[in-house]
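The same chain A turns up in both complexes below, where it pairs with chain B and then with chain C.
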Partner chain A sequence: MTPLLSVRDLRVTFGSTQAVRGLSFDVPAGGTLALVGESGSGKSATALSILRLIEREGGRIDGGTITLHEEDGPLDITALEEDRLRALRGNRISMVFQEPMTSLNPVLTVGNQVAEVFVRHQGMNRKKALAAARNALESVRIPEPQRRLLQYPHELSGGLRQRVMIAMALACRPRLLIADEPTTALDVTTQAEILSLIRELQAEIGMAVLFITHDMGVVAEIADRIVVLREGRKVEEGVVDQVFRAPKHAYSQQLMAATPKLGSGSPNPPSPGPRLLEVRDLSTRFTLGRGLFEPRRTFEAVRGVSLAIGRAETLGLVGESGCGKSTLARSILRLVEPASGSILLDGQDVMRARREDLRSLRRHAQMIFQDPYASLNPRLPVHALVTEPARIHGTVSTRDQRAFAAGLVRSVGLEEDAVDRYPHQFSGGQRQRLCIARALSVKPKLIVADEPVSALDVSIARQVTDLMLELQEREGISFLFISHDIAVVERVSHRIAVMHDGRIVETGPSQSVLRDPRHPYTRRLLASVPRPEPGHRRSAPDGLPTDPLPSSTPEARLREAAPGHFVRENAA
Partner chain B sequence: MAEATFHGRTARPAGIAALRRIWREANGLQRAALCIGLALLAVAAFAPLIAPHEPTAQSLIARLRPPIGFERFKEGYLLGTDELGRDVLSRSLHGLQLTLVLAMLGASIGLVLGGGLGLLSGIAGGTVDDIVMAAVDAQIAIPFTLIALLVLAIFGSSIEVMVLVLGLYGWEQYARIVRAEVRRLMQMPFVEAARAAGATGSRIAFRHVLPNTVSPLVVQFTLAISNIVLLESTLSFLGIGVQPPTATLGSMVGIGRDYMPTAPWIVVVPAAMILLVTFTVQILGDWLRDRTDVRLIDR
Partner chain C sequence: MLRHVLRTLTKMAVTLFAIVTLVFFATRLSGDPIDFVVGQGITQEDRELLTRYYGLDASIWEQYWRFLGSFVDGQFGLSFVERRPVGEIVAERIWPSLQLLLAGISFTVLVSVPLGILAAIHRRTWIGSAIMTIAFVGYAVPNFVLAVFMVLIFAFTLNWLPVVGNSTPWHFIMPTIALSGTLIAALTRFTRNAMLDVLSQDFMRTARAKGLPEHTVILKHGFSNASITVLSVLGLQIAGLAAAGNVVVEAIFAWPGIGDLLVNAAILRDFPVLQFAVLAVAFAVIVVNGAIDIAYGYADPRIRLGSA
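Here is the complex of A and B:
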């Protein structure tokens, strides 16, 4: 059988760097091929080359062929003129991008944007195109398609926006859909829905899918074949089952090993001791609308949360975007002012602390942020950055600063000469190490880590979490580890708290919560996590619980379901 | 290899070695600008020594004489004479001195005033922000020439008042630029990280926020210098700037305008100097911005 798309010896360069170095693969008609690799492996450059959008990004195809096998003969995309390419894009081959938030034009209605595809490629008039747009939205299972036509992108959630993108991509029933990390920016439950949607539509239309991702779980979920990329070269290709069961190349093995798998165990809990952090009934509200004529509304991001962390213990806080987990973290450190509740850190009352006391209290609790690129001041050298908390608290003098910094960067596994460099000279993983070094400079008792590895590649993320575990072992630091990735949380946490809609709905020892989830939300979350085991593929869509969750009322109390394992239940 | 370049650029050897390195790393345009800039500064500083005549010395029998190489050229008046028979070269040199002083002082006052208010406004937010921004809006709404006229009419025209008026010019642009940058930077995780580390407000302002606003400020500063030179000539033209017979480049252009068809050199010489000054300042400003940006150090 001839494949639908053949890429042969593709070479792509950006300036003087080679992004893709002689890559060959086939996408079978109607099948799904996954291009897998870490950042910089050339997977997106490959995708953009297929649509010849690479020139717009400043890249150049240096060699090789990309052949689309049409009914009326093969078509070499690398040699097409611009107007023939335009007819191809969005029509025969279309693409879904990673960022649903920015891929839609914010000032046009959804209806106009979807209809445009029909006007452009099928020459429909406006009225017909709008009707077709409505059907397109319906086909991607968007509820109330008629109403959505008149809405603007900001009125839709991330998941709905990605559905709109897919509706646009599939409007002309393309033969090939290129999906470039289409679910990376989405929550796991939304991701599961989008993946099953893509699978269903693929069966309906009979199109081929080129799926680009760094997430092995997603690959196992959706692909038939897999191509593993590294530094622009193919290191392994094969049927998904085979590659997952017995990866041949060392890099694939390493990638598999680094991929966090749910159910691979948690660290042993530390011996029970006095509590380091105790939070009771913490609530945080935001005021929305500050305008003259706007009514003041308040939004409660954190609603009566209680939690405790022991010494040298890690509490994993899991939840989807917007559930209030970051606000909770900032409230505990009083970077955001909580409305009510109490916070005891090492026996000291954080809520009642005045400004000066708060400043010295902050020595004991440090924070690590999600974006390692933005959390280091770009204008300061490393020795000034990592020692800043210590300088503020006067525990190191200007004279000793450099030597102290050298010790710190060594303790997080970087070379000592890093102290004279600037943040932009480091990779993402190295920067996150610098953030950890900075937190360590004041020997904190607690480190609050807000999605510390979400922006990193799996193998780098693995190294960073290993470092955190090692530091806990060595220095006895407690962690509040926040993440939307349950598998990562499982690996580092002694206990887990699941947050939903501003409340903790379930908490307990990691294994107890993950093996015996009691709250419906926890169950749904666990069911949505893609597993890097092809055998586990869900028979969509009924594999996913979608029934509405019971909204937890204020009367709902936490009930002990198993030793130390609490679940929120409605009083009724 | 990477190691060597890396140390070469971060270590800061003092004195001649540093100057030599700066020169080596500059491109042709920057080298030219640096030379012209230094020459202009030197000429301005030693104007009284270099100038062949007193800038105000009139010689009515030698009115409107053209520069060297033209017919009717008069010995000793290299670039010709103006309508009162004053030496254009001498007046331009003295004018350059005064104009440079006015522009530099004016732009610096605007930078400190506007930048400071912008920083305050961006960090404090709330009522302070509202007040500063209301003042900015008011400033934008009223033509600055009008304000300058009012101030100069009330306090009379002297060099000191002139400097203050020119300093006031453009403060609102600095304020808006700095405020916008500050507000953006205050949202950055590294500012939050500093807060979480226990940093005080002033530490955040001066160590984390202000250094990151340098790039747009330098650009604005170079634009302001050019604008101030133009404003000064406008005011001189309206008769409320630096009073005649004292020469500034702007007033020379303003007065010479009437003689453009018959004696263009009266305008051309000071205008060329204005051009040189603004050009040099722009190039050097961009260069300064790039050199102070550590992010441009080779990876």
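Here is the complex of A and C:
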């Protein structure tokens, strides 16, 4: 049987760098092929080449063929002129991109953006196209499609925006859908919904899917075949089950090993000792009202949270975007001002500390952020960057700075000559190591890490979490580790707290919470995590509990369900 | 949307009131107006007579109250020179000024928006560099220099265009170009930069992946976003145009507008006229900026809906 799409010996270059070096693969009609690799492996360049959008991004197809087998004969996309390409794009082949936040036009209504596909490819007039757009939104299970037509992208959640992207891509019932990391920017529960939606629609339309991802869990969930890419070359290809069970190439094995798997155990708890951090009934509010003519509204991001972290202990804080976990982290360091509650750090009262005392308190608690690109000043050399907190606190002089920096970068596994370089000369993982080195410069007792590995490739993320575990062992540092990725949290945390809607709904020893989840929200979260085991595939949407969550009232208390394992009681 | 318009109108009213108050107290603080108007060398009796005549014997609050009242009856006091109500004099001058200003703004937008978009699309070719070079040179030429050169070439040497007054459409050509020259140069650069920002956005790639033709991608998806920046720049620049540009250009072309009136009133020390002409310019700036604020709401849904 002829495949729908054949890529042969594809070569793509960006300037003088080769992004894709002689790649060949087939996408069978109606099947799903996963293109897997880490950043820089050439997977996105391949996807953009198939739509011939690569030239727009500054790349060039240097050789090879991309053949689409249409009913009326094969079509070589690399040799097609612009007119014919435009008739193909969004019609026969369409694409869903990674970032639903930025991939939709912010100043055009959703209806307008979906309808224009029908106007363009099916010659409909505006009225008919809008009606078709309504149906398209309905077919991707968007509630209240009629109302959505008039809404703008910023009024929709990330999951809904990605559904709009899919509705747009599937408007003309394409034969091939290219999905470039379509769920990477989404929460796990949303990710699970989007994946099952793509699978259902694939069956409905009978289209083929080329799925691009770095996430093995997602691959196991959705793909039939898998192509593993590294540095623009195919290192392994095969049926998903087979590659997962027995990866042949060393790189595939390494990738499998680095993928965090839920249920692979947590570190042993430290010996019980005095508490380092104790937070009680902490609440933080934001004022939303603006200007003279509008009423002030407040939004409570953190609602009466209590938690404690012992010395050399890691508390993993899990929750979806918007649940208040970052605000909680910042409130603990008083980077945002909490409204009420108490915070004791190493026996000192953070809430009552005056401005100048706060500075010395912060020496004991440092923070690491998600985006290592944005959190390092690009104009400072590394020796100035990593020693900055120490200089602020006066624990190192400018004269000793370089020697001190050399020690710091060595302790995070970088070469000493790194001290004279600038942030842009490092990779993402190395930059996150620099952020950790910077935090270490004041010998903190607590490090608050807000999604520290979410922007990194799996193998790099693994190395960074290994480094954090090692530092804990060596220096006895406590961590508040915030992530939406439960498998990563499990690997590093002694205890876990699950946050939902500004409250902690469940907390306890990691294994107790993960093996025996009590709160419905925790259960739903765990059910949504894609597992990198192909046998585990969920049977479409009914695999997910979707019943409405009971809303917990402020009076609801945490009840001890098992030793050290607390669950928020529901009002009902 | 209605809320956005109401909010903008309220802000305009508050700003206008603040300016009226400021102008009143600023002029009172600058000394006795009688000294300004007639200077020294009059008898004490005449001075008292004049003080009463102009109502300057009342307390400052009463004068302020009366000043506000003069807005309500639409007279705005008497001109020292022409002995006519100021409202009448200024009313004659507003329409020609407004006409010139509107012509200048329209011409600016019609020229610089397409040029800016072209410069952004062709940024790596000679087209882009040529546009940017012209814009750069244009920005460096002050509008009175441009006006004088145009008069020399097109009126005196070639005898193609009339110079004085506003009687025919031909009279509009040179003042309009003189008024908008600098602004065109500035707005072209801003449009180009705004478009460059937009061209690299993810949603532009989405638009192309839908198979849309390039002109739809550039205009519908690209310029609709860039227009927000262009509008705000236009709003800022128009203030300068209405205040300073008009005065210079109207003086050169003897355009019977507010700018011309302002210059003459200043020379003749016609205090009430001067005071009100300044207010009229301020009013024009506020109205234009208000209109742009409202247009802004149309261009950017995030502003209209009062979020973000």
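The rule is short, and it goes like this: the second predicted complex is superposed on the first by the 570 of 572 C-alpha atoms of A that agree within 3 Å, B and C clash if a C-alpha of one lies under 4 Å from a C-alpha of the other, contacts with A are read in each partner's own complex, and residues count from 1 in each chain.
Here is the rule we go by: a residue touches a chain if its C-beta (ideal position, glycine included) is under 8 Å from a C-beta of that chain, and two chains touch if they have at least 3 such contacts.
Just so it is clear, the structure is predicted and the values come from calculations on it, not from any experiment.
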**OP:** For A:His121, decide between first (touching chain B), second (touching chain C), both and neither.
**Re:** second
**OP:** Please work out whether A:His154 is in contact with chain B alone, chain C alone, both, or neither, and reply first, second, both or neither.
**Re:** second
Original post:
Thinking of the overlay built on chain A, is A:Arg363 touched by chain B (first), by chain C (second), by both, or by neither?
Top reply: first
Subject >> Touching partner for A:Ser139 - first (chain B), second (chain C), both, neither >> reply: neither
**OP:** Quick one: classify A:Met95 as touching chain B (first), chain C (second), both or neither.
**Re:** second
Original post:
Which holds for A:Thr522: it touches chain B only (first), chain C only (second), both, or neither?
Top reply: neither
**OP:** Pick one for A:Leu376: touches chain B only (first), chain C only (second), both, or neither.
**Re:** first
**OP:** Classify the contacts of A:Arg86 with the two partner chains as first (chain B alone), second (chain C alone), both, or neither.
**Re:** second
Subject >> Contact residues of chain A, present in both the chain B and the chain C interface >> reply: none
Original post:
Which residues, counting only chain A, touch chain B once they are in their complex?
Top reply: 330, 333, 335, 358-360, 362-363, 366-367, 369-371, 374-381, 388-389, 392-393, 417, 420-422, 424-425, 435, 438, 442
Subject >> chain A contact footprint on chain C (complex, rising order) >> reply: 7, 10, 201-203, 205-213, 216, 220-221, 224-225, 228, 299-302, 305-308
Original post:
Once bound in the complex, which stretches of chain B touch chain A?
Top reply: 3, 6-7, 10, 188-190, 192-200, 203, 207-208, 211-212, 293-295, 297, 299
Subject >> chain A - residues contacting chain C, complex >> reply: 51, 53, 56-57, 85-91, 94-95, 97, 99, 102-109, 116-117, 120-121, 152, 154-155, 165, 168, 290-291, 293-294
